[in-house]
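Down below are the structures I want you to see.
You will see chain A twice below: alongside chain B first, and alongside chain C after that.
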Partner chain A sequence: MSLVAGPGRGGALDGQLPDELQLVAEKHVAYIQKLDTRRDELEYHLTEHLRLSGIYWGLTALHLLHRADALPRDGVLDFVLSCLHENGGFGAAPGHDPHMLYTISGVQILAMVDGFDELEKRVTDGKRKIADFVASLQQVNGTFAGDEWGETDTRFLYGALNVLSLLGYLPHQRPNEEPALIDVKAAIAHIKACQNFDGGFGVAPGAESHSGQIFTCLAALSIAGELDSYLGEEGKDRLGAWLSERQLDDSGGLNGRPMKLVDVCYSWWVGSSLAMIERLHWIDKKKLATFILQCQDPVEGGVADRPGDMVDVFHTHFAIAGLSLLGYPGVGEVDAT
Partner chain B sequence: MSHGVPRVSGTATTSGKSEQARAKERQQIEQYKQLEGDVRARISAHDYSNASLQLTSKLLSQNPEYYTIWNDRRRILQHVFEQELGEGGKSTTAPQQDIDAAHKAGLSLPQREISLLIQEDLHFLLPLLKQFPKCYWIWNHRSWLLRYATSHLPPHATLELWQAELGLVSKMLALDSRNFHGWSYRREVIAEMEKLSGSGMAEKEFEYTTRMIGTNLSNFSAWHYRSQLISTLLQNRRADSEQRRSTFDAELELITRALYTDPYDQSLWFYHEYLMATLDSSNAGAQIILHPCTDADRTAYLSQELDSIREMLDGAEDCKYIYHALLQYANRLIGLGGHGAPTAEMKEWLSELRKMDPLRARRWEDLETKLKL
Partner chain C sequence: MGRYSDDPAWADIIPLPTDEGGPNPLAAIAYDDEYAEAMSYLRAVMAANEFSPRILDLTEDLIDMNPAHYTVWLYRAQCLFALKSDLHAELAWLNATALEHQKNYQIWHHRMLVVDVLDSCEGEREFVSRMFELDAKNYHVWSYRQWLVRRFGLWEQGELEFTRDLIEKDVRNNSAWNHRWYVVNGREEREEGEAGGVVGDAAVREREMEFAMQAIEKAPQNQSSWGYLRGIVRKAGLPLQGCKAFVQRFASLEQPDEVRSSYALDFMAEILAEEKGSEQQAALALDMLAQKYDPVRRNYWEYRKGLLGVDAVAA
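Let's look at the complex of A and B:
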């Protein structure tokens, strides 16, 4: 799987788009399939530190396009498990250090390809080891670090809850195990400390609200079962107002913060956040879908952040996930968290 | 989350490349893989030499997103630092000028060595940070170096390092005033400096946001930071209720002037909303400015702002944010007991809003239901 940008650009053919924009699903499938054949490009090697996430993005896009078979399951499983370290963390590629980000991707892929049995077959107590790795990164104040070097971020906190939930190791999934693997209460208290007056959340307490961070915080609250009780209707209205203002009048695309450029990936961060608080209808779905489709390369497949930029698998994934949220025909349903 | 996918500029895609370009790329790949292999092999063999450190510099300059190599770099540095700390006895063999310099700086010889190494590494990061200001790993490495210094060097030496970081982050934010890595790092720097010096910096930082806003009104990051500083500032000043009120009035005046300059800028409306939220006891994320704050205060301020915002409509009748603010604050006025709440006007504002903002038509529908006009 390559994370090389291009070869095409979003909205290619010099802006000559057909009147009726279509999702060029087969082209995207072919684009994703071809990614691993681009080893003759320097960028293929320069982006190895993202490989496992790249596979997750590609595979999710394929699943949503009902083409899960387009990447060989055995090959995917072999690669994922070759990134797993003895301590239970995944690196981005074989030999790369374990990190929360890739542990999230690794576990998400295993869940998607139904690979937990295979994990247990090849690694004794594999699930437990991964859960222990994740739990070991919780800090005194409830948040999570990305790895042993100490960076903390609400992205990692969400990732930890997501991984443990997929593995079935959240405390409420194992009520008889003492002591609990992580302190969910402290984690959720930390999320609450990251909330701002505008209803949004930042990367740490005091930080400006950011759509990506809002997604992680809402998803964490949701996994912990505290989303509705914490926000209430007032809180949802306030946050929904901020999120719905991310849609810009001219393009119909979404930005991540006030007065910033639109980007296809926010179709997911903002869209799924709105869906989690039942306010997705507060934006113009049709205009957003049109914007996403304009970012496609209709010839060689793949989606870019904005029309005219190079396509890549990250934006291809978030574009298709965004269309899925919008109920676009031919795209499978996705769980917002 | 991480926008790690590099943008290729120009037409450097596979299909359009000449054979010559392909051959050159093959060579670049080979050199890169060799360098990578060399670094990884040295680390596996625990070769924490200066030569290894230099190789990580070379590799990271080509690819600063390669997080494992940043870890390798820290492994090397940690090893060198620990050696320095463990070799206190060696100091007798050190040149006299080093001993003098360490003494003058108030450091032991190993501490001085570590301090120099850390400064050297911070220096190495500078051009990378300028070239890749959104790379998480570069900011992380800086932060790691500073934290190491903080736990191993005396406070006066560490404070100097953090002071220099404040200068750096100010420069970075001058280049891109919305870079959230920069703002996060700034908060970290200030928190550490306050801890080390034992004195608060909220006043200075507040002045900094005034300057940033003066340069560019539309900088929501600066407005946000300002919003975070006010309550600390008032606490540090031990402000009484009158002083709190005059601060609040001054902020309202500042934002009102800004709104007159550009009522179409949503950053400004969010700051106005921040100020008004401090009057809203139902908002969990709101800060405290007025203290005490009575319902009479709330009513008075809401009425005052409704009047002031109504005037903004003159010449900006097509500005949807004005109608939204009016509706919101009028509704809060109703919530407070509601005498003089302009229900007829509210209907009109809502209908303008719906005309002007079809993108969010269903949000305004929901609002209509909620307001029960």
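Let's look at the complex of A and C:
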């Protein structure tokens, strides 16, 4: 799977009215299938550091379009497992260092293609090794690093909880394990420290609220079962107000922070955050769906961040996931976390 | 044939071409550009765990071509520290690279590692300010700035003035507003028992409220300045009533067609909701938002109206 952008651009065909806009599902399927055949392009190599995530994005989009068969399961499994290191971490591609981000993608893919049995068959104690790798990245203050380099980010913390939950290795899923693999309490305390005066969350304590970080913080709270008790109705109201304010009246699209450009990927970050706090109906869903559809390349398939830009698999995935949240016909249901 | 294969300094290395793991490695090998060649040398030296000055050249070359490759940064950092290289020279190179690749974030983590070892932030804030001249909302650069403040205790060394200047330049720069909040309140939250910030220090609170109100005068339709003001009121637990006269000037229910700020109207609805007997008035303000001033969020305003506990107000 390549992360190569283009060749098409997002933008509705001239003269097409919003009411006539349709999801060109089959074209998106073809676009995703074609991605891996573009190995002769320079960008294919320059985006190698994202490859495993690219497969996850492509595969999720295909699943939501009910075309999981469009990428062969065996090939996907072979590739994913070829990214797995002895220490239990996944790299972005074979030969790349293990990193939390790709470990998240790797495990998400295995979960999606029902591949955990295959993992255990090929790698002794595979699940245990991955869980140990993830746990080893927790820092004393509860945060998680991305790799031995030590960069921390609430994305990694969410990823850790997500991976362990998919593997069944969260402390509450293994009550008899002593000591617990990770310190969930410290992790959640860190998430709470990232909440700002405006009700949102940033990448670290004090950092500006950002829709992507809000998603990771809410999802982490949700996996830990603390979303409702921590926010309460009032906290949800305040956060929901901030999140719904991300929709711009003119385009109907969402931005990630005040006074920034709208971008299709926030359909997911903002949309799923609102869904997690049961306030998705606070935005104008119809307007958002129209904006997403306007970012499609209606001829070659693929979706861009906004109309007129190059399409790519990242935004294709978030567009389709966003439409799924909105209940768009023909798109399967997605789990908000 | 290539930059490295022709260079005697690299003659001892047998490059390791990429292994895509797929059924068709030929496609990858046929790819013989500069980047692929440099990567094949990197794989070879990494496999041998080599730390030497030429690694710095090689990783510099690779980062120039593709700064997003996390492995290259990691290896470069290890090498720098193992060789006890000149870290000032590293910063000079990082400056140029950061200016060239503004979207890259690995570079800021790398910079943090280097500056932490240097144990000095001399020149750092100046460079960060240069980055802000190009993009005053760069999230990674802001994170780095906050780290500098924390790491070197710069709370009272010009940070407040720095945010004032940026906000003067662009009163809607939410990142600058957020940083101001951090500079004013961030420190106290870390030192237990010590009061300060907008909660513990009345003079600071006055000053910050005044600052926000002046910004609002300048540009009433601004989420950041209103958010800042409401943040103070909320955090300090002040009665909302205290703001009513000020808010009224931007959103008066008596002049429904002359509302100058939807944020003021929103605030007014909250003030009225808290006031005994003013629920109908609050509902009216929320109706104005739903119908005229922020219709895209109609459902949100309707929800707020529902919280008032009054029966539907005639629209």
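The working rule: the second predicted complex is superposed on the first by the 329 of 337 C-alpha atoms of A that agree within 3 Å, B and C clash if a C-alpha of one lies under 4 Å from a C-alpha of the other, contacts with A are read in each partner's own complex, and residues count from 1 in each chain.
Here is the rule we go by: a contact is a pair of C-beta atoms (placed from the backbone, for glycine too) under 8 Å apart; a residue touches a chain by one contact, two chains touch by 3 or more.
Everything quoted here is computed from the prediction, not taken from an experiment.
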item	value
Superposed partners chain B and chain C on chain A - clash or fit	clash
Partner chain(s) touched by A:Gln195 [first = chain B, second = chain C, both, neither]	first
Touched partner set for A:Asp183, first chain B, second chain C, both or neither	neither
Contacts of A:His99 with chain B and chain C, given as first, second, both or neither	both
Touching partner for A:Pro7 - first (chain B), second (chain C), both, neither	first
First, second, both or neither for A:Asp132, with chain B first and chain C second	neither
Touching partner for A:Glu226 - first (chain B), second (chain C), both, neither	neither
Which superposed partner A:Val203 touches (first chain B, second chain C, both, neither)	both
Partner chain(s) touched by A:Gly235 [first = chain B, second = chain C, both, neither]	first
First (chain B), second (chain C), both or neither touched by A:His315	first
5-13, 95-103 or 221-229: stretch of chain B that collides with chain C	221-229
Shared contact residues on chain A - chain B and chain C	40, 42, 45-46, 48-50, 91-92, 95-97, 99, 147, 149-151, 196-198, 203-204, 206-210, 237, 240-241, 244-245, 247, 249, 252, 257-260, 279, 281-284, 287
List of chain C residues in touch with chain A within their complex	18-24, 27-28, 30-31, 33, 35-36, 39, 43, 65-66, 68-71, 73-74, 77, 109, 113, 137, 139, 142-143, 146, 172-175, 178-179, 181-182, 185-186, 189, 223-224, 227-228, 231, 234-235, 294-300, 303
Chain A residues within the chain C interface of the complex	39-40, 42, 45-46, 48-50, 75, 78-79, 82-83, 91-97, 99, 146-151, 196-198, 202-210, 237, 240-241, 244-245, 247-249, 252, 257-260, 279, 281-284, 287
Chain A contact footprint on chain B (complex, rising order)	1-8, 12-15, 22, 25-26, 28-29, 32-33, 36, 40, 62-63, 65-68, 71, 74, 136, 140, 143-144, 147, 178, 180, 183-184, 187, 218, 220-221, 224-225, 227-228, 265-267, 270, 273-274, 277-278, 282-287, 358-363, 366, 370
Contact footprint of chain B on chain A as seen in their complex	3, 5-8, 38, 40-43, 45-50, 91-92, 95-97, 99, 101, 147, 149-151, 155, 192, 195-199, 203-204, 206-210, 212, 234-235, 237-238, 240-242, 244-245, 247, 249, 252, 257-260, 265, 279, 281-284, 287, 305, 309-310, 312-315
